[in-house]
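Okay, got some structures for you below.
Below are two complexes that have subunit A in common, paired first with subunit B and then with subunit C.
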Partner chain A sequence: MDIEALRQQYLQQLQTEEAAAPPPVTPEAVAQYVASDGRDDVKICQMIASLPLDRETFETSVRALLDIAADKSVGAVARLAALRQLGSAEFRAARFGPFHAEYIDLLRTLATDEDVEVRTAALERLTLTADPHALKLLSDGLQKVGDALVPAAKAVQLLARDDHGSALPIFRTLATEAKGQVREEALRALATDVKSAPLFERLAANKDEKTALRHIAAVNLKNISPPRFAKVARKLVLDENEDDKLRAAAVSAITHTPAVAEKVVTRRFATAVKKLRATTRSGALKSSIGRFSKVFGEG
Partner chain B sequence: MVNVSVKFPSYDSQGRAFVTWRPVEVKLTLAGAPAGASNVPVTVSAKSSAGGGALAFATTLTHLGTPSINLNLPANGAPVSVWVGGLYPKASASYGDVVLEVRAAAGNQLLGSQALMVRVRKNADDLTAAERDRFLSALATLNGSGTGRYTSFRDMHVGGPPDLEAHGGPGFLPWHRAYLLDFERELQAIDASVSLPYWRFDKAAPNLFSRAFIGLPDSLNRVQFSAGHPLLGWVAFGAAGIQRGRGVGPTTVPALFSEAQTLNTGGSLHASYSTFRNMQGNPHGSAHMSHGSGWITSPPTAPRDPVFFLLHCNVDRLWAKWQWAAKLHDPADPRSFTPAAGFPPGHRLNDALWPWCGPLAAPRPTTAPGGTLAASPMTAAPGLSPKCRDMIDYLGTVAAAHQAFAYDDVPFQK
Partner chain C sequence: MLADAERILRRAAGGPGGAVAALRHDAPHFRGLSSGDAEQLRGHLLAGMERHPEARDLRPHIAEELRTSLSPVVLAGAARAARRFVPADHDLRGLLRVAAERIRIRDERVTLGVGETRTAGEEIEATLALVTDPPPRCCGGPLPRPGLDSAHAAFDLDERALLRARVEDQSGRPLELISLLRARRSVIAFFYTRCMNPSKCSLAITRLGAISRGAGKDWNLLAISYDGVFDTPAQLSAYGIERGFRFGERSRLLRCRAGWCEVRRAFDLRVGYGRATVNEHAREVFVVGRALRAMAVDADLLASCGALERALRKVEEEA
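Let's look at the complex of A and B:
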C-alpha cells in the first residue's frame, strides 16, 4: 500500500467531512438564541452539542451553559443538555476551576427542581463526589424526614456513593425488609459491609430468592471474603439443581479471582467442571467453563 | 543440514514475538553450510492464515516494505538484517496467524521460520468474538477482586492534585497515553495476545454496546451483562457492578465532534498541537458525558467503568492519527507539542509524568500509586519513568525506539 497516497487521500476526506458537518457554534450565538422569541428546545440542544469548549471560548461557553441550566423558563430537555455539556467542561479541570463553586451551588438548587429528570441529573452529579448536601437530601427522603426527590431505589443507589458508609444502617434494614429494586439496590450498597457477610451467604445459597438478588449477594461475598465465597461458589457450581446463570457466574468468578481459585480449584473440581461442560445445555455455562479450562486445564 | 535461525530483537517469556506496523530489525543467520560454500540466496516472506496478519520486509527501517524480499545469507554464518513489520492494514487476530518463513531461492526449501503476531489496537466494534473474549477475560482478571494493580489505575485518575496532572494542561494527551500503555501492558502480562481496543465514539457501536461486550444499562443505570460474562463479578472502589447512564445504546451516534471536526479546523488540519489539544473538551469530555450519568461522567470515578479505557484509547488514537496526518512525531518540533513556558509542572515537554516518576512535592501529588510504568518484553521505551516528550514518538518514527503499540487505522510512515 502506498502510505503517502493514503495520507493524502485521508487529508482530502477530512476536508470533505468537516465541510459537511455542522459548523461549531459560538457561546454568544447560543445565548442570543436562548434569549430570542420562538426558541426551540431541540435547536438549543443541537447548538449546545456544537459548542467547541476550546481554549478561546471556554469561559464564555461555561457562562452560557450555567445560565441555561439555571433558567427555569427553558425546557427541561435543554437544561439537561446544558448540564451534560457542563460535565464535559469539568474534564478541563484547571479551566473549570473558577466556575466550580457556582456550579456546585447551581446543582444543589437543581436537586430540588420541579422536574424529576433535572433533580435526578443534579443529584447524580453531586453524589459522584459525595456532596454532603445531596447525601442529606437523599437520606432524609429515604427516612421520610424530607421529600422523596427520586424513587427509593435510585435514592439508595446514589446514597451508596458515599464511601464513608454513614447510611449502612439504612441499607441493612432495607436489604432484609424492602422488596424489589429497593432491596436489590440496598444489597448492592452493602458491597463492602463485612458485618453483612452472613446475610450474603444465606441469600446466595437460598434457592427461594430471586437469581438477581442471589447473584448480588455472591459478588458482595467475593468482594469482602474470598474464602467464604469460595465455599459458596463450589456448592453453586456442583449442584445440578442450581440455576445455570448463577453457576456460570460462579465459574467465571473462580476463573478470574485468584484468591478464590486457590481455595476451590483442585484436580477433582476441574474434572467435575469438565463433565459439567459435556452435560449442560446452558450456553452461558459452557462458555464460562471454556474460559475456566483455558486457565486451569481440564482436570 | 542447512538452516536459518530467525532472531527477533525481543521475545516474551514464552519465546513469542509481536510486531506492529513499525518494523523491527530481525537477524537471519545461516548455519550448517558446508565449508567453503558460497552465499545462499533466500526469500523471506510470510505465510498467513485466513484473516490473519501479514508482514512487510525491507533492508532498512521504512514504511515501504514489501510482502517478500530476496537476500543472500553468508555461508560463514554472519548475520544479515531484515526489517520486519506488519503489512498495513492486515493485523493479526490471534497469536501465530502469521509465520515468517525463510526459504531457499533455489528449490523453495523451508530453512527457518518464526510464528508471530501483528498486534495492534483495534476498533472494539470490529473485534472477532475470540478477540473480544480474550480482552474481557484479561480485563476481568486484572480487576480480580477489586484489589491489586487495578486499584492503582483507579487511584491515578482521581480528584485533587492527580486530576491536575491528568487534565490540567497540554500534558493531558501524553499523560493518558502513558496511562493506557501501563494498563495495556498489565493486560498483556495476563494474555500477551490482547491489545486495548478503542470505542470509536463518533459512530454507532452495536457490537460494543451489547450485553455480550461492555454491557447495557437498565432503567436504574445498572450495567447488565449476558449470563456467564467475565465482567459479571466486576468490582471497583468496593462497589460491585457498574453504574452507567443510558445515553449510549447500540445504535446511538453521540452528539460530539466527529473525527474530521477533531483533526481539522476551518478547512485544514490543525497546524500544531497547541490547537489540536482543544479536543480535551469536545469530543473527549463530550464522549464521557454522552452516557448522561454514571461513573464514566466524572474524572474521579470514570475508571470504575471499563468503557473508560476504550474511550480514552480512541482519544489517543485521534492524537496518533493527527500526528500521522500532520507528520508531527518529533518532540523537537515545536508544533508537535507546546512551548516550554506558560504551563504548570507536569505539562511541559521535559516534565516527568506522575505517578511513574514517583511521589513529588506539593502542589504536585505526594503519593505515587502503581509505581513505575509496567515493563514490556517487546521494548524498553518509553522507560519506566517517562516524560511528556517520551510519549510523542510512540512509533519510533524519529527515535530509535518504539513503544510496541499502534492503531489499526494509523500506519507507520518514516
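Let's look at the complex of A and C:
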C-alpha cells in the first residue's frame, strides 16, 4: 500500500473516531448532574469517563471526582468510577499534590464503606503504599479483632504487599491453621520468609496435603534454601507413589537451579530419572525429564 | 500515641542521654513495632520536644529527619520540634523548605495533639511563619554540606566482640570481619535492601558504588546489612550491581552469619526491629583504622572521597 494513502486512511480513521466520541464534559456539568433529582449511576459513570484531566480543568475535575467518591448517596458503581479516575489523576503527582492528603483521608474512610467493592478498591490503593491505617484494618480483620472488610484470602494478598512483612506472624499462623484459598495465599505471602523453611519442608513432603499447597511450599523452599529443597526434590523425583505434577516440577527445578543440581545430580540419579521417563505416563513429567537430559545427559 | 510519647519523654528525661535519647531508633519503645507505628511514635516524640524543658542534642535529630524522612507524621513532628530553633537557625529553615518540597506529592493529614489535625506541609508552613525575615537562600540555593566538624568522637571497637562476627560477602564467601578491618583502613556503611527510603540505604550504596569505581584508594569499602537473614548473597549482589557497586577484594557488601548482636553493640548502631525486619534506622557510616579505632561520620560524607580520606587519616592519627 502507498504510504501516503495509508497516512490519509489513518487520519480519516482518527477523525471518524473523534466525531463518534461523546463530547468532553465539564466538571461543573458532572457536579450539577450528580446533584440533580433523577440522576442515573450509569450516566454518571459515562460523564466521569468523559471528564478531561487536562491542564485547564485538572483541579476542578479532581475536586468533582473527590466529591463523587465521598458521596454515599451515589451508587457504588459511580463512586468506583470516580476512584478509578482519581487513580489516573494521581499519576500527575505534582498537580495532584494539593489533593493528596484529602485523597488518602477519603480512601481511609472508604476502607470501611458499606459496599465491599468500594472497600476493596480503597484498600487496594492504600496497601500499595503500605498505609499503616489500612494494614491495621486488614490484620485486625484476619485476627478477628475487628471486622473482616474483605474476604480473608484477599486480605492476605493485600497485606503481603507490605515489603517489611509486618504481617508475617499472621501468615505463619494461617499457613498452618487456615483452610483452602486462605492457606494458599498465606503460603504465597511467606515466599521470602526464611523462618518458614521447616514448614515448607514438611508441607512439600506431606502426601496428605493438597498438591497445590505442596507445590507452593516447594517453590518457596527452593527460593529461600536450595540445599534444603534439594533433599526434598530428590525424594519427590524418586518416589514412584508421588504426584506426577510435583515430580515434574521437582525435575524442572533441579534442571534450572544450579545450587540444587549440584546437591542432587549424580550419575545414579540421572540414570534413575532416565528410567522414569520410560515408565511414566505423565506428559509433563516426560517433558521435564527431556529438558533434564539435555542439560545433564542420560546417566 | 500522644500519652505514650509524653510518658516516654518523661522517663527518658531522667536518663543519661536526656529526653533526646527517646529518639534513638534502637530504643526499647520502638521494639516490635511495624514501620508505620514506629513512624507514628517518632512523630509524636518529636512533636513532644517542641515544649520539652530539655532539648540537649535535639537539633541534629530534627535536621536528619528533615533531610531524609518521607513520613508525613515524622516531618510534621520534626517541624514542630524545629520551632524552638528556627528563629535563629537559617540552615534549619533551608531544610524545612526542602522537606516541604519532598512531602508535597505524598502529604497526609496527621494528628499530633488532641483534636489538632494538619498536613505535614501545613505544620512546616506554620513553623516557617514564625520567622518574618526573608529566606537567607533563594530556591535552589545550596544547603549546608556536612564536614568533618560534624563527625563524632572516635572510639575503640570491642575486639573481643568483633572476633565473634562471621560475615559473608555478596558472592557467598565466608569471612572474618575482624580480619577485613585489620587488613586495611575501612569505610563501613550499614544498610538493608528492603529499605524503602531512597535517601537512605539506596543512596548510601549508590555513593559507595561511585567510590568503588574510582581508582587509587587503599581502603576497604564495606556495607553491612542490618537484615542478614533476608539479605542473602544473591540479594546483596543484585542490590549492589543495580547501584553500580564494583565488587572486589576491597569493595564488598556483607551480611552477618554470626555475632550480629556483637556488631550492633560494638558500633552502637541506631537500628530498631519490628516483628519481621528493620522498622527504623539512622543513616550510619563509620571510618575504621587498622587498630580498630572507629569514628561515626555524617552519611553525606559518602559523596566526597576527599572528606572520607581526611576522616580516615584523622581516625588513624588518633589511634
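Definition applied: the second predicted complex is superposed on the first by the 220 of 299 C-alpha atoms of A that agree within 3 Å, B and C clash if a C-alpha of one lies under 4 Å from a C-alpha of the other, contacts with A are read in each partner's own complex, and residues count from 1 in each chain.
Following the convention adopted for this analysis, a residue touches a chain if its C-beta (ideal position, glycine included) is under 8 Å from a C-beta of that chain, and two chains touch if they have at least 3 such contacts.
Nothing here was measured: the structure is a model prediction, and the numbers come from that model.
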item	value
Subunit B versus subunit C as contact partner of A:258, first or second or both or neither	first
More subunit A residues in contact - subunit B or subunit C	B
Which of subunit B and subunit C A:94 touches, first, second, both or neither	both
Partner chain in contact with A:267 - subunit B first, subunit C second, else both or neither	neither
Which superposed partner A:275 touches (first subunit B, second subunit C, both, neither)	neither
Contacts of A:194 with subunit B and subunit C, given as first, second, both or neither	second
Touched partner set for A:132, first subunit B, second subunit C, both or neither	second
Which of subunit B and subunit C A:163 touches, first, second, both or neither	both
Contacts of A:105 with subunit B and subunit C, given as first, second, both or neither	second
Common interface positions of subunit A, toward subunit B and toward subunit C	93-94, 129, 163, 192
Interfacial residue positions of subunit C with respect to subunit A in the complex	34-37, 39-40, 72, 104-109, 119, 121, 194, 196, 229-230, 274-279
Subunit A-facing residues of subunit B, complex	63-64, 87-89, 133, 137, 140-141, 143-146, 159, 163-164, 167-169, 220-222, 226-230, 232-233, 235, 237-241, 243, 245, 255-261, 263-264, 267-269, 275, 278, 280-282, 284-286, 288-290, 292-295, 297-301, 324-325, 344, 411-413
Residues of subunit A defined as touching subunit B within the complex	1, 3-4, 6-7, 10-11, 13-19, 21, 24, 45-46, 49, 51-55, 58, 84-85, 87-94, 120-121, 124-125, 128-129, 153-154, 157, 160, 163, 181, 185, 188, 191-192, 215-216, 219-220, 222-223, 226, 244-245, 248-249, 251-253, 255-260, 282-285, 287-288, 291, 294
Parts of subunit A lying in touch with subunit C, wherever the complex brings them together	93-94, 96-97, 100-102, 104-105, 129-132, 135-136, 162-166, 168-169, 192-195
